[in-house]
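Here is the structure we will look at.
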Amino acid sequence: MKRLTVPALLALLLAVLLWACMSGALNAYWQSVILFMGVNIILSSSLNIINGNMGEFSCGHAGFMAVGAYVSSLLSVALFTKSAVFGEPLLSPDLAVWLFPLVLLAGALAASVVGLLVAIPSFKTRGDYLAIITIAAAYIVKSTIENIGVIGGARGFMGMGGVMNAMTATANLPWIMIWVFVGTVFSVWLIRRFIYSTFGKGVDAISQDEIAAEIMSVDTDRVKLVAFMVSCGLAGLAGGLFAHILGYVNPGTFTILKSTEIMVMVYLGGMGSLSGSVLAAILMTLLIEYLRDAFGYINTFLHYISVIPDSYEVTQVWKWVLIPLLLVLLMQFRPEGIMGRRELADVFPGLRKFYKFKG
Amino acid sequence: MQNLLNALQWGSFYSLIALGYCLVYGVLLLINFAHGDIFMVGAYIAFYVCMLFLGKFGFIPGMPGWLVLALAVPLTMLLTAVVGVTLERVAYRPLRRKGVNRLYVVITALMCGLILENGNLALLGASRKSFPTLLPTKVFDVFGVTVTNIKLMVIGVAIFSFLLLHFIVTRTKIGMAMRAISYDRFAVPLMGIPADTVIVFTFVLGSGFAGLAGLFFAMTYPVIDPYMGALIGWKAFIAAVVGGIGSIAGAFAGGFLLGFVEIMVVAFFPSTFRDLIAFSILLLILSIRPTGLFGVARRTKI
Amino acid sequence: MALLEVNEMTQYFGGLCAVSEFSVALDEGQMVALIGPNGAGKTTVFNLVSGFYKPTRGEILFKGQSIKGLKPHQVTARGIARTFQNIRLWFDMTVLDNIRIAQHHALGYGLLDCFLRTPRYMQRERDIEDHAMELLSRLGLGEVAHEFPKNLPYGVQRLVEIARALSTRPALLMLDEPAAGLNSSDVEGLIKLIADIHKDFGLAIWMIEHQMDVVMSLCSWIKVIDFGATIAEGSPEEIQNNPEVIKAYLGDDTI
């Protein structure tokens, strides 16, 4: 009974979501908010392995997301749709429904291989220097994509909408919602199993005392390698989903600002707390969506009370002042985030009734 | 030959900014990620200072260009230093006092950079501003190489700044205090050295030279925009790391080295490859020699 | 054949000779001490043997095989465990987790097992936890298994560190100043505990220690080094009366 509560709840949630999408109870806007929520959950909980559990400072997560986004988009467009770049579909579009998870997986694998760019230097360097390496890696990825003209270069790449249409043609379901939901649950499940195992706890040991870890039998290089690859791979998965939600990708999306957004979620949730990351991702997605509207109102209001000159408009740019500011304030006053190192089950022990905590 | 001169000029900018990274890192072991944006703010300050003295705002009569430059140099340095010190006081010092994990300070620095960048963008808009011409460009022709007076000035300023900083750090009392803090931050106050004053001084120096770099950069490429600091800041940081961060001579040499590499890359590849290759070099050097070319590893004791 | 055999191990840091031509041979089940004034290079010897530094010259044989140049975790996997002079536990993890992680070299499962929770994974995790709990209760730490080390008194932290070293199932246990910072009644307990561990686990124990009562009551053989060089070795009685040793500790004038 204990073991089944969570899967049953998740299945119910998926059913409700699908019903809401198909019946029109959720409009397209809210659907997209929920989709981005899922992607953000994957991003923040995967970055949490590195920035939280391992205590390193990776600010290039968006780069790995870009790898996943491009690889899976290119594959799915080449395989299932007719496009200007690749010509006729290589496989029957009917197969899209079945093979799409594999395409996402390929994107994730590619991202985790690119993760080696960061993982291998991490054997020798850590802290600030590793932070630079992650930024450099993200720049390298972005710059490489911009320099490959075939896939659109700096202009971006599109055509994933066709893939989604091919799926809808096979069976009329809100497929992207299903994939994002499955991807999110899969990621959180994977990360949970990883960090609760004795193997995964090696990551925490490295963060708390790397020298002691190495001397007390932890193969630190291997653990770091695995942690980086898992984290980057899941970022790639999130990227693949992200690209298929939007229907196009553009290297300009995957800048340090995107990485910052993810970092804010991790630190807001609490370093090393998986449930914190999930919660913070949900909160941040809502906050960002809310801000989008709010700036309009603030603008009108400030003009109304004549605080600012007529020539000046309060715009979306302020979002990127507020989000970093939020993180700065967080570091000053509550650097441990919402949850600290704790999990939901530590805060509400009653929850333990519903799932097996360990083993 | 022409390339060589251009490389020297770019190298000068990188060196000037890299020196700032290096000073702060040398003292606090903190990578001041906001430094590139301080450079950008410096360029903007220079812009407004010059516009003011040139009489563009109306309440000060226009002055000749050379006088404006002579006034703008100290004023820009001073005002940029104020920005740097403000960051230190408002964001870094409280964290240092609390003795929190160094990671938090690094995150704060990175975020402060983003705030400066986007705050500027939000307040002044994305439109580029063109920097006024202060000195008429004189072109010399030496053995078929075109040399402008501004180029010479930039290179001269970079070399002079390096010598000055090197002198301050190695020969003066406050320089000695700076080095002492980097060895043991907790023992220094006990020895009666006002650690906070020394740290503020470090930020004054570092930001001041970033401001100087901003001014000259704006004079050479007379267009400024809020994002100019980010990329050049990262690259100057690469220069500092390549040279071995914390070593002033290393930062200086690293800046010129990066200048050369970039100009050579552009000479043989499409210019869009420039950043790609610069960052790849960084990655390579850090993987092979994590402490940079001139840096010395700190030994961990167990 | 000796369990651990170190031959003319030498280590330079820059121009400084930290350890010079250090040799030692330890048999199975032996309990020996390494003593010397502060800065003599004792911890460096431990760091070299445990693989944290690679010696400039010389060789280190363990169970007849060279372990020179192996990484620390590989050395640990071969059967050498150590504790640290300044306690280096993972302070933000429970005591139990500390002990579990120190069995990393003997996990016996891979990443896929961990994702899929295969029977092998479940079995190994149970074994690891059982082993950890058994050790903890053996050292009288069963009650603090779910506490964080940062909340425990200093003396208990020392014990946890010894438990963590033991959980790697070593053949040789190196203790770096186990009695440092303990009061006299704790020291008595520690002496008894080390003697018990030595007997029950059948280990060889090699310790660095400044407190002579610990060394004299436990060790059968003592080696004294100063400025990286060996100045005396022998039984506790011999060492106590060795003029070189007295000179190294107290200086020339007192003789």
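Note that the chains are named A, B and C in the order they appear, and that numbering of residues resets to 1 at the start of each chain.
Quick note on the criterion: a contact is a pair of C-beta atoms (placed from the backbone, for glycine too) under 8 Å apart; a residue touches a chain by one contact, two chains touch by 3 or more.
In this text the structure is predicted, and so the values were computed from the model without any measurement.
J.: Work out per-chain C-alpha centres and flag the one nearest the whole-protein C-alpha centre.
T.: Chain nearest the centroid of all protein C-alpha atoms: A.
J.: Could you see whether A-B or A-C has the larger number of C-beta contact pairs?
T.: A-B
J.: Report back the single chain whose CA centre is most distant from the CA centre of subunit C.
T.: If we average the C-alpha coordinates per chain, B ends up farthest from subunit C.
J.: Averaged over CA atoms, how far is the centre of subunit B from the centre of subunit C? Could you give it in whole Å?
T.: 49
J.: Between subunit A and subunit B, tell me the centre distance in angstrom, where each centre is the average of that chain's C-alpha atoms.
T.: Spacing between the chain centres: roughly 34 Å.
J.: Could you state the distance in Å from the CA-based centre of subunit A to that of subunit C?
T.: 44
J.: Give me the residue numbers in subunit C that touch at least two other chains, ranges are fine.
T.: Residues 52, 84, 88 of subunit C each touch two or more of the other chains.
J.: Would you mind listing the residues of subunit B that make contact with two or more other chains?
T.: Touching at least two other chains: 302.
J.: Please output the residue numbers of subunit A that touch at least 2 other chains, ranges allowed.
T.: If we look for residues of subunit A contacting two or more partner chains, we find 211, 215.
J.: Could you list, by residue number, the parts of subunit B that touch subunit A in their complex?
T.: 30-31, 91, 94-95, 100-108, 110-112, 114-115, 118-119, 121-122, 230, 234, 237-238, 241, 270, 272-273, 275-276, 279-280, 282-283, 286-287, 290, 300, 302
J.: In their shared complex, at which residues does subunit A touch subunit C?
T.: It comes out as residues 190, 193-194, 197-202, 204-205, 208-209, 211-220, 226, 230, 341, 359.
J.: Name, in rising order, each residue of subunit A that touches subunit B in their complex.
T.: 55, 57, 59, 117, 120-121, 124-125, 127-129, 131-133, 135-137, 139-140, 143-144, 146-147, 211, 215, 256-257, 260, 263, 267, 314-315, 317-318, 320-321, 324-325, 327-328, 331-332, 335
J.: Could you pull out which subunit C residues touch subunit A in their complex?
T.: Listed in rising order, the residues of subunit C that touch subunit A are 50-52, 71-73, 76-77, 81-82, 84, 88-93, 97, 100-107, 109, 111, 114-115, 117, 121-122, 125-126, 128, 164-165, 168.
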